[in-house]
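Encoded as structure tokens, the structure appears first; notes follow it.
All chains are identified by letter, namely A, B and C, in their written order; residue positions are counted from 1 within each chain.
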């Protein structure tokens, strides 16, 4: 019985993803790029949500894992003869190692997870602002290293010649994998224990839950998913270190918070809705036809709209669009009566 | 790397002190607002950016230097007050996480507005650049701006200290930072205290903008962002809840940045941010409550 | 007519009704006690007067003018001073600075001897002038808290369980000071858990239980423990 009631919690986000994918197939290839971008963002945002939503701790460093995943998948799939041209400083063993699409994604996830684990070992003991700044520091260090270190990637330049294997199906399946794993995690006892620490750390610790261990687990898992998403991303567009830094951190964080930081549905809704609006205004820089009107905006409008939207939502509805709740079917009568009875005593 | 320190010269030392001084001012600006609003202003860097742009425009429009500086102050103060009214006050009482993300949003917003308005290449910095010229002090050439920064920072901090300890407003601000609720019950006016903090914070941002823009050739929309992130790290590292500790934290990271920047050889200097942030992580792991606190002060839980 | 009046006051925190329909009045030169068991709504009443608790019904009037909806600092500036539960002094500020903080609520037409009066009433404070308030003992901190409230020369003094955690001897000192304050012409509203001493000191004492006024006692009832207990448990 419970299973049937709970099924929508996973099904609705999954359906939203499928819906986006199908719409993406139906539009022109010019617009399809935005749908692809949205689906990959869903993966990133769900990865971020897995940690932030369940632990209540803000991480500003997750884009480092996305970047590492992107670098891994990218460097290992550029055809060998191209590597010498496009990434002249690349270390020898990276030049000679070449893998296929799926393997690159798997490796991206593995490295993302491993890096996240390494970072989490020392950092998960921190809380609050200290954790925030520490994860920020990880982001800065990663970005700094990837930008200047020519032996492991393209450095300052954008990736090029990476096989564009992320089409609608790869992006959609990737997003679905992330959603299913995130949902599975939050339904296990580990997910529930971590959520308990979010609600009341003292009480949770008193019942024997190790805050450190649960956060370590979630952070690692979310790092793996983020790495995976990075792999998807690099197979979609020519990425650059600068694009995997503060702006992307902000945008993905905005999607989690505006959607509703406490729920998986919130993460998916936030990603799709906000990236949809963002994409719309991006497209509008080249002119968009709206009910017969032509709307053209200067470039940069999309970011401004996103920023304003985020501030407004935070002021008016700090719990986000979904209020941090998963999708649930309307309740049956008995519960409603009980609440009514309580109110009159 | 150790050998690099043998390169330490007086000019570099002075630069370290100067940058430390400016970062200390920024740390105070951030710390004051945190004290009364319990809000970490990620958008502080954008205040500095706005000030730098104001200076650049003033210079472009042919203002004399003193007028450009005044214009800079005006713009920064106006923007500070606007931020406070539109964003900080409505958010009072929300969870620290929400407030943090909101100021992050404001920072993102302002940066992109600047990008839209001024383009990614920005404007050239203006006539104050002459202050980069050195003074000959006993055979050693120290940049004028370094000395000016040190003196200005010290002066501002001194004036602030006097304000905080010798005036009623200062006393009210200190009390509000410790226990706002009780302070109000004693008659301390919440609005006045908050406005005071916001204005002083804005003034310090303007001063920082002037000091920092002397050393840059152009002003871009990301002006001040890297510095602000480092200052924030420094403040948390020093001890967010103690004003003196926060200021020392800001100074330390600025000093480290200035010294290392001058001392590292060219091919390693691009990794300076990594070095600094690695140091930040190490300090946070060893002393999560702050390097300069006496231990036992609680950091706000996000 | 100078009076602080509470009329059919209701205070509600979310679903919990802390005070229901309470009415009382305090006038200059008298001490009114407010006693009752834990959770009876005594603190909430004081906070409601100060504008620090949500008033959902009734009125709070100062000399006939409503205080409901005003900010705490504005209520303080109208001559109503609160000595909060647990003292809430500023440990890192000096004793002198703590007292000066009280000046924030001072009204312009007062002659400005507030600090002197506080030091006169509690001479002990003079010795600790420049020391951090955190080094004071509980009893000394209580004296500081009362002194701080008096510095603004208020007309009305509200106290929230001043004897909490204090040794009996210190309680004597505090209660004697309250008597002196009353004799100097202030109106005092005293919330306390030490029922007997309060009933003995106050001109009248209201017993509050479950947010409601149960009984009003005079000083002559101080010896009548049966009546007190019955009122508490009613």
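General remarks:
Everything below uses one rule, namely that a residue touches a chain if its C-beta (ideal position, glycine included) is under 8 Å from a C-beta of that chain, and two chains touch if they have at least 3 such contacts.
Keep in mind it's a predicted model, so treat the numbers as computed, not measured.
Drop chain B from the picture and the touching chains left over make up A | C. Comparing the centres of all chains, each the average of its CA atoms, the largest separation from chain B belongs to C. In whole angstrom, the spacing between the mean C-alpha positions of chain A and chain C is 54. Centroids built from CA atoms put chain B at 31 Å from chain A. A separation of 43 Å divides the Cα centre of chain B from that of chain C. On chain B, the positions that touch chain C within their shared complex are 168, 171-172, 174-175, 178-179, 181-190.
Put simply, chain C touches chain B in their complex at residues 50, 52, 71-73, 76-77, 81-82, 84, 88, 90, 92-93, 97, 100-106, 148-149, 152. Every residue of chain B that touches chain A in the complex is listed here, in rising order: 40, 87, 90-91, 94-98, 100-102, 104-106, 108-109, 112-113, 115-116, 225, 229, 232-233, 236-237, 240, 270-271, 273-274, 277-278, 280-281, 284-285, 288, 299-302. Across the complex, chain B is touched by residues 56-58, 122-123, 125-134, 136-138, 140-141, 144-145, 148, 246-247, 250, 253-254, 257, 298-301, 303-304, 306-308, 310-311, 314-315, 318 of chain A.
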